[in-house]
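The following pair of complexes shares a single chain, chain A, combined with chain B in the former and chain C in the latter.
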Partner chain A sequence: MTRILLSDKLDNCVERWRSAGMTVIGPVQGESISRYAVVENGAGFDFGMILPDRSVKELFFPQTEPMLRYTIKKSEIDTADFPPPQEKRIIFGARACDASGLAIDDSLFGWDYKDDFWFHRRNESVIVTIACTKADDFCMCTSLDLAPDSTKGCDVLLRPLENNRGWQVEEITDRGREAFAVIADLLQESSDQAAPTAVVTEKFNLDACVTWLQNPENFDSKFWKEISMRCIGCASCTYLCPTCHCFDIQDEGDTYSGIRRKNWDSCSFALFTMHTSGHNPRSTQSARWRQRIMHKFNYFPGKFSVNSCSGCGRCSRQCPVDMGITETLQEISKLQS
Partner chain B sequence: MTENIQNTQPNIYKPAITKIVARHDEAPGVRTLKLEFQNPADQEEFKKTFRTGMFGLYGVYGEGESTFCVASPETRKDYIECTFRQSGRVTSALANADIGDLITFRGPYGNRFPIEEFYGKNLLFISGGIALPPTRSVIWSCLDQREKFGKVTIVYGARTVADLVYKHELEEWQQREDVELVLTVDPGGESPDWKHKVGFVPTVLEEAAPSPDNCIAVICGPPIMIKFTLISLKKLGFDEKNVYTTLENRMKCGVGKCGRCNVGSIYVCKEGPVFTAAEVSRMPAADL
Partner chain C sequence: MITQEKYRTTVKELLASDSVKMVIGYKPGSTPDRRRPLFIRSSDDADQLVLDSTCITNLSGYLVAEGLLSDEKRVGIFLRPEGIRSINILAAEYQLNMDQIVIFGFDSTGREVRPLEGRHSKDFSALLSDIKENSPQISKEPLLESIERMNEQERFDFWQEEFSRCIKCYACRQACPMCYCRRCIVDSNQPQWVNTSSHTLGNFEWNVVRAFHLSGRCVQCGNCDRACPVNIPLRLINQRMAEMVLEGFDHFAGLSPTQEPVLASFKKDDTETFIL
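Coming up: the complex of A and B.
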């Protein structure tokens, strides 16, 4: 017997969480794009998709985020903090890859200087992962030591029932237990079996790739040019990525008052690293693609002992020129073997 | 898991406010600003943390922030001096700021020159053009405790006589008996009354032929100068471990998050900007 939550109780759950002061967020199919968005009742969720087009990252590290407000007077400058919203949230129906992505970026945002904008939202959010029962050709979590039912970064794990009428409930953290205490009486004991998790085939040999990437000789390999020849530098892969964290800081306003913002940026852009002098350490698209792959599978794990990739496959799935991490690592696997 | 979620702290992107108390034109388009913190707590924090080699993000609200070194030494921490060339949006705004105006400062960030390890050794400073400011911070940090070091040699070159920065200080170093100053300008950059060397820094350095024995070299300059100066130093017998330099890359956050200043796996903002030549030679050259 395990505890289960029936889908037809979802309306009640949303209502409970909302009256407990939480904003309820879930996978939502919009007109042109799917994403994690606020839902008002059970009917708002769309659990049918493999995963939303946009990752959960934007709920913690928004595309643009005000950091401070400045006001300049005659002989003083006033800088006011712009704290992240005081909002408790439950993200119901995250995918394991998205939840893992958050845990991966915790190390980056907490490295020495702690980014409160990230951690404030992390501390105020409960992540309820629903294990995947289907996957597509782009899914690659299993190639990264993760799984469709990974609990990394998640507070409660739900496994869809075989009979499709709800989910088995597995509370992972105290934060998850707390959020589910609010709906404890809506859960029930049941012997319903969980549906098998999706089969995600291994797409590449990660160990071989890492060995190849760590070999300094391969930094100048002609492979980088060949593999990135068709990259148009649009940055879609970095923006959709649940772990890409690079940002720019820009002021929006005038000489007297305005807002300083943190905006998504991307290593795909030439301007990203361009010096004022005109010198650019990564002046070609191939150097920039190499940076992205090296960063995710060599530099980042070297610092934080975890790959900066959770295997969601969005970079390949949504690339306008059909490139992506999967293809690159598959090719590298071949080079190393 | 939530265990690794860390405690929160104040806004790490919030700069301190400083007042421009003096400014000085060094060369065409190159200006030095002397800054004082407005808030005593910021001043105290700076005094506690600043060591020579560290950098800061200087900013004008509405325009943005720009990264350069702290050009003043760690032996004089009541103020900050920065020297920059007016070339972009932020540096133009900084150049247009007047004495009494307020600008922002975030930092000091990064690592430092380990000058205690230089005690008792001869020092060779080599610098080109607008790269004298970071070297100057180390030079004064050492000259302010002159007795702790051996011979001090400074080799400094610029494209033209007009492009030499800190001209007043060059004169001072020239007159000091405990400093050997070698000045040079690129061929064609000399003026009729120029009494010093004419030639590129690496060539002039080889002519001066400082001994590598018990000597630490600190070099700063444009990438091309560094490349050839390192070759010259090698010829002169310097060990890469005794040669220090500072790297400067584009930065936005300064604290290891925004993801652009890395050379290979090395984040210049966190693990740098000061590196030995041995460390630099292990970095992928194509990423520099």
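Coming up: the complex of A and C.
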């Protein structure tokens, strides 16, 4: 016997959480794209998609975020902080790759400086992952030592029932237990079986890739040019990625007053490393693509002992020229074998 | 299939005789319905070439990326009529020397692909004039028509809603063969002309700036529209601008490599008192 939540109780759950002061967020299929968005009742969720087009990252690290307001006077500078939002949220129906992405980025945002905007939202948000029962050609969590039912980064794991009428409930963290205490009486004991998780085939040999990337001789390999010739240098892959975290600080306004903002940025852009002198240490697209791969699978794990990729596949799914991390790592696996 | 085989043979011949250093075409992508750009430098590469109705991407942007043509050697490229128009514009704007370009023209109706006769831009001038005259070209799609029926406020709201999804990934710019500026206005930061923030206002600024820079230059290849990860119907903006330029100036972008850029040329007898 396990505890289960029936899908016809969703309306009640949403209502309970809302009255407990939580904003309820879930996968929503919009007219043109799908994303994690606020839902007002059970009917608002779309659990049918493999994963939303846009990752969960934007709920924690939005594309643009005001940090402070400044006014420059004759003898002083006045500043006023924008405090991180105080909202309590429950994200119901996250995918394992998205939830893992958040856990991966915790190490970055908490490293030498604790990013309040990130951690405030992290602490105030409950992540309820629903294990995947289907995957597409681009899904590759298993190649990153993760799985369709990974509990990394999630507070409660739900497993869809084979008979489709709801989910098995597995509380992972205290935060998750607390949120589910609010709906405890809506859960029930049942012997319903969970549906098997999606079969996601391993796409590359991660260890071989890491070995190849760590070999300094390969930094200047002609492989980089060959593999990235068609990359057009947009930020589609970066901005849809649940783990890409680079940002730029910009002052918006004039010399005397304005708002300092934290905006998404991407290593795919030529401007990213452009010096004021005009010199650019990453002057070609292949150098920028190498950086993207090296950062995710060599430098980031070197510092934080975890890869900066959760295998969601969005970078390959959405690339305008059909590139992506998968192809590159597959080719590297071949080189190393 | 026949077109593909014929072209494979020609590509191999041109490479073998050193007439071109590279041919840019298509190869199979990661799923059966996807094609990806292919850079052919050897006979083996040529064997990967595919040409069918799903080869849609306008590849001409690669010609002006990272100095491909700077050694003055010739490069072959697979182009649909829109692609030929875009390299004509690139030549007219002094971005490439047409003598370096060998064209493998093709077009498709339904699933059928057919070759277009010729190898040099000038071979296609009759075809392009024909397209200008015959197709109402700026085909009226339902969404565009419904936008035109809106009043100003409704139209503003429509685009506001669309642009609110923009994430400023600049995939539209990077995918567009006409967006070749070495330093885009949005990347200029001394001074910062356009805010980099991706809030709705910033997104509006970006998309309007781009629309202006593309008017009279867009060939409706659809690269921007397909590249946009949040599915903003970008084609409609540039389509409308092309329509206005056609109506106002009888200008159909990319007819020839010597066509004067409509918004960058000046006529003494211009009836307008205002110059942008």
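Rule of thumb we're sticking to: the second predicted complex is superposed on the first by the 336 of 337 C-alpha atoms of A that agree within 3 Å, B and C clash if a C-alpha of one lies under 4 Å from a C-alpha of the other, contacts with A are read in each partner's own complex, and residues count from 1 in each chain.
Here is the rule we use: contacts are C-beta pairs under 8 Å (C-beta built on N, C-alpha and C of every residue); 3 or more make two chains touch, one makes a residue touch a chain.
Remember, it's a predicted structure, so these values are computed and weren't measured experimentally.
**Q** Touch test for A:260: chain B only (first), chain C only (second), both, or neither?
**A** A:260: touches chain B, not chain C.
**Q** Of chain B and chain C, which one touches more residues of chain A?
**A** Counting contacted residues of chain A, the larger count belongs to B.
**Q** Look at A:33 in the shared chain and tell me whether it touches chain B only, chain C only, both, or neither; answer first, second, both or neither.
**A** Touch status of A:33: second partner only.
**Q** Which partner does A:320 reach: the first (chain B), the second (chain C), both, or neither?
**A** Only chain C is touched by A:320; chain B is not.
**Q** Looking at the overlay, what does A:250 touch: chain B (first), chain C (second), both, or neither?
**A** both
**Q** Tell me which partner A:163 touches in the superposition: chain B (first), chain C (second), both or neither.
**A** In the superposed model, A:163 contacts neither chain B nor chain C.
**Q** On the A-aligned overlay, A:201 touches which partner chain: chain B = first, chain C = second, or both, or neither?
**A** Neither partner.
**Q** Would you check which partner chain A:67 touches, where first means chain B only, second means chain C only, and both and neither mean what they say?
**A** Only chain B; A:67 stays clear of chain C.
**Q** Going by the contact rule set out at the top, does A:229 touch chain B (first), chain C (second), both, or neither?
**A** second
**Q** Show which residues of chain A both chain B and chain C reach, each in its own complex.
**A** After superposing on chain A, chain A residues 248, 250 contact both chain B and chain C.
**Q** Quick check: in the complex, which residue numbers of chain A touch chain C?
**A** Against chain C, chain A makes touches at 32-33, 53-54, 63-64, 137-138, 229-230, 232-236, 238-240, 248, 250, 252, 261, 263-264, 266, 269-271, 284-285, 316, 318, 320-324, 326-327.
**Q** Enumerate the contact residues on chain B facing chain A in the complex.
**A** The contact residues of chain B facing chain A are 1-2, 4-15, 17, 61-66, 87-88, 91, 100, 102, 104, 222-223, 248-250, 252-253, 255-260, 262-265, 270, 284, 286-288.
**Q** Okay, in this complex, where on chain A does chain B touch?
**A** 67-68, 70, 72, 75-77, 79, 81-83, 103, 106-117, 119-120, 122-123, 151-153, 155, 172-175, 216, 219-220, 245-251, 253-256, 258, 260, 262, 265, 267, 272-277, 279, 281-282, 287, 291, 294-295, 298-299, 302-303
**Q** Quick check: in the complex, which residue numbers of chain C touch chain A?
**A** Residue positions touching the partner: 29-31, 34-37, 39, 57, 61-62, 65-66, 165, 167-171, 173-175, 187, 192, 195-199, 202, 223, 226-227, 229-232.
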